[in-house]
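Please find one structure pasted underneath; my questions will follow.
As written, the chain order gives the labels A, B, C and D, with residue 1 at the start of each chain.
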Amino acid sequence: MASPKTNDWRFRLHEIIYESNTPAGKAFDVGLLFAIFASIIVVMLDSVERINNHHGKLFKILEWIFTGLFTIEYILRLISIRRPIKYVFSLLGIIDLIALIPTYLGFFFIGAQSLVVFRALRLLRVFRVFKLGSFLTEINFLTTALKGSVRKISIFLLTVLTLTVILGSVMYLVEKRENGFSNIPESIYWAIVTITTVGYGDISPITPMGKFVASVVMLTGYAIIAVPTGIITHDLAIAARNRKELPESCPSCSSEGHDTDALFCKYCGSSLYR
Amino acid sequence: MASPKTNDWRFRLHEIIYESNTPAGKAFDVGLLFAIFASIIVVMLDSVERINNHHGKLFKILEWIFTGLFTIEYILRLISIRRPIKYVFSLLGIIDLIALIPTYLGFFFIGAQSLVVFRALRLLRVFRVFKLGSFLTEINFLTTALKGSVRKISIFLLTVLTLTVILGSVMYLVEKRENGFSNIPESIYWAIVTITTVGYGDISPITPMGKFVASVVMLTGYAIIAVPTGIITHDLAIAARNRKELPESCPSCSSEGHDTDALFCKYCGSSLYR
Amino acid sequence: MASPKTNDWRFRLHEIIYESNTPAGKAFDVGLLFAIFASIIVVMLDSVERINNHHGKLFKILEWIFTGLFTIEYILRLISIRRPIKYVFSLLGIIDLIALIPTYLGFFFIGAQSLVVFRALRLLRVFRVFKLGSFLTEINFLTTALKGSVRKISIFLLTVLTLTVILGSVMYLVEKRENGFSNIPESIYWAIVTITTVGYGDISPITPMGKFVASVVMLTGYAIIAVPTGIITHDLAIAARNRKELPESCPSCSSEGHDTDALFCKYCGSSLYR
Amino acid sequence: MASPKTNDWRFRLHEIIYESNTPAGKAFDVGLLFAIFASIIVVMLDSVERINNHHGKLFKILEWIFTGLFTIEYILRLISIRRPIKYVFSLLGIIDLIALIPTYLGFFFIGAQSLVVFRALRLLRVFRVFKLGSFLTEINFLTTALKGSVRKISIFLLTVLTLTVILGSVMYLVEKRENGFSNIPESIYWAIVTITTVGYGDISPITPMGKFVASVVMLTGYAIIAVPTGIITHDLAIAARNRKELPESCPSCSSEGHDTDALFCKYCGSSLYR
């Protein structure tokens, strides 16, 4: 992006690895995404006992190949960036490291290798790649709107959590240990399962009184799910309006609120675009 | 629709089979819909062991009758259309063929006949028939709005899928094989069951730590279900606004987007209603 | 409501039974509501085996008392209305009759009495009573908005049903009889349980392929639940706007779309309220 | 807040305990919140049998310490407020008392101590503390919007309850006792579990007819969940609009509700901005 000194190989490397507006950069990103997908599928299949029994050795080799590739990628990222320390402690940098370590740790600690499942976190790079092209606007729009909702959604989740603590405690008194509500944390877990309408059925009320309380919890959950929806719908509408209204205020009388396609100020008549 | 040469039998056939604005065309469509319904009900009942034991022979005959009728319909469709190849490879054309093949395949491959359940896909013709008359506007309105949402909903589903892969992998580490989370794909299946608030309960967390992670998954699912709703509500509102603004364009400079109550064009000043 | 001939006892009776704007009418409505509630609670408790064993006789007597009261009410309704036949065949009239018959039928057919549960339908009278006073506006507003949504929601439900037939049929092929998907109607039932995110878990996929198809069904259900929400939110907004805009069109130039509190027409300047 | 006589220790105490705009008041509030959290976690852990067996004595002591602290707090609240009786019968006052009593009751009635779980209600104080600072606006906004929805949501819940009574009664007739629908209240509980899409699966239909009725219940629940969402979204939008329009009232005739971009009062013609 910045004006480059094209004779610098480090700059070129940076362009390929961190940027995506050159053919090589795009190819690198797409290739990386494929490698991430493939490595995750290997981890997945490796966890299936039946498949592991037959192809365990192959998976071991593949895992080392992917770990090797990602290690090389990690080193290249370190040397091609101006301030490597900043990358190391960035979210993506930490995730990239977490995806590497478990395989190496497997040498020293038995079982440490199973932490390789955290490689799934690298999937988040999908969004970096998708950000290119036509999805960018939509992603920006959604994140802007959702950022505006974060506070209200937090208040909502806090209320729901308080409710589940109270309702779970009540249910513990009502249903007793014998019916599966063996302690308060367990009862709170039940309240969360119920209020979110998940309803596993691993714990469910047995006494008539318990069923009554459960009905209240369910109807509450059913009614309040409307709240986050209302909040997000509302904030999407606001985000949409702001996106449109952004560039409009009369340059001569500084009045606002003109139609998005107006050419002249509707209050003082001077041109909106000098 | 186009001005016809009424002496052409092929044109007439086309009008009956493909169009619905003549009495014969309407009758054909409604009759076809009934045949599709009846054939699907036969397939359904045939799958019920108890009924099959008693009326198996009758169902076999009925299936052949329907297959025969649909074969004739398919041939008529082929000869009455100008470019048969286009129909054959259209979505509805492929579905029409899929509804026929299994019965014939039953001669050569045992069990192939059970593929006749795909005849249910023909139900999609319902929407072609309903498109007539007063439902047309509503269907058009909904499809326009939903088309606008497709991209945003895709981003949302991609995020949810990434989340389920990550959360499923974490759960596999937390709960271990003994508790039903026998491998990562299975754990991801559990994460999908949980985050969508379906909650079968065939796999559910047993350890306290697992229940804690599950609670986080549930509350996440409960909170983010608001996102697609917000998106669709928002796009319905936009589709509705666009629908209204459609017929307003200045008759002299053909600019669009005037306020719904404007009397004069805001760009050229001429009256909007001559 | 209409100007009465107060010397007519039939008119008075009509006023008490059918209207609610006199003290006697209000008292009758509230009393009736209590009787309905009490009679339903008797039916409910009577169905509980343990309670029935102890108080069965008492419940039998109470049931006859309520049936007697409702029979008198029904006869009074018939004689106090001008066109009894219209009441008999109205929705509320039919429900009122259904609430009576089972007790009498119990004489002739054993078990017919259990149909008395349909007395619960009389609960719908709650809304007639609540319509009075301040809830009227809200109820009217909601019903107007929902009427506008009925068509779109029907199209949505039709789509969902078509989807469940197709997905259920596919699942029947994938999971086979041994895994609980014993026939196509059963599989469709499973698809409905899943797509609506109810998820009993009485039938759930067992094979990996089945779990994959189930995941698709769940994510579909999770994403499309947004559609009816969007529709209803949208129609509520329209209903709200219309409510406001209703009384406004200029009496001299018949232009529309004035602000709800405008006094003068903004196009021709004449007073909006002559 | 009011102009204080700072030499009064009672006033100072009041400021610390009831207000939060002084450093001491803030510290008190945060400290109290921590004490509430800690006391609830003690109650929770105490209910877990395994932990209770090891640390039962410690928990008993901690419970008495917290009860002591809350008792002191309660007494300080009583003496520092002008009208103690008003606090005693306020919602927070009652909850504060409920959090104390069970421990003392444990002396006289065995088991009364388990009522200490109601201490969880004190968590509601979280919102008093959060009301400070930047969350205040959001909380106010949400509560204003939701207050406007209460009536409509009540009508909705009443409709849902009526539906569940009717559908539950029907299901009781259809499925019979043998299949888990052992009485009408139980069937209504099932209807609530189903219509709210919780779906425990502890009771689920077994006969084909029952499965059909259940499908209707599920699709109903799936479609009507949209109603409260629509209501709340709508009322949020209205609350947002009102918030914006608040400061606009004509300075000469004090009429309200002018367009956001109006320059002159539309009722008296004087400038809105002097």
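As a convention for this text, a residue touches a chain if its C-beta (ideal position, glycine included) is under 8 Å from a C-beta of that chain, and two chains touch if they have at least 3 such contacts.
Everything quoted here is computed from the prediction, not taken from an experiment.
Novice: Can you give the rotation angle that fits chain A onto its twin chain D by Cα atoms, in degrees and rounded to the nearest 5?
Specialist: 90
Novice: Look at the interfaces A-C and A-B and say which one is made up of more C-beta pairs in contact.
Specialist: A-B
Novice: Among all chains, whose Cα centre is located farthest from the one for chain C?
Specialist: The most remote chain is A.
Novice: Taking all residue numbers used at the chain B/chain C interface, answer same if over half belong to both copies and different if under half do.
Specialist: The interface is built from different residue numbers on each side, given that under half of them are used by both copies.
Novice: Looking at A-C, B-D or A-D, which pair matches C-D on over half of its contact pairs by residue number?
Specialist: A-D
Novice: Go ahead and note the Å separation of the Cα centroids belonging to chain A and chain B.
Specialist: 29
Novice: Could you grab the centroid distance between chain A and chain C? Build each centroid from C-alpha atoms only and quote it in angstrom.
Specialist: 41
Novice: Using the touch definition from the top, which residues of chain B touch two or more other chains?
Specialist: As it turns out, chain B has residues touching two or more other chains at 156, 185, 197-201, 225, 229-231, 233, 237.
Novice: What part of chain B is in contact with chain A in the complex they form?
Specialist: So the residues of chain B touching chain A come out as 151-152, 155-156, 158-159, 162, 165-166, 169-170, 172-173, 177, 182-185, 188, 194, 197-201, 204, 208, 211, 214-215, 218-219, 221-223, 225-227, 229-231, 233-234, 237-238, 257, 259, 266-267.
Novice: For chain B, which residues count as touching chain D in their complex?
Specialist: Per the touch definition, chain B meets chain D at residues 197-201, 229, 233.
Novice: Would you pull the chain C residues touching chain D in the complex into a rising list?
Specialist: Residues 40, 43-44, 47-49, 114-115, 117-118, 120-121, 123-124, 126-127, 130, 134-135, 138-139, 141-142, 145-146, 153, 156-157, 160-161, 185-186, 189, 192-193, 195-202, 225, 228-237, 240, 259-264 of chain C touch chain D in their complex.
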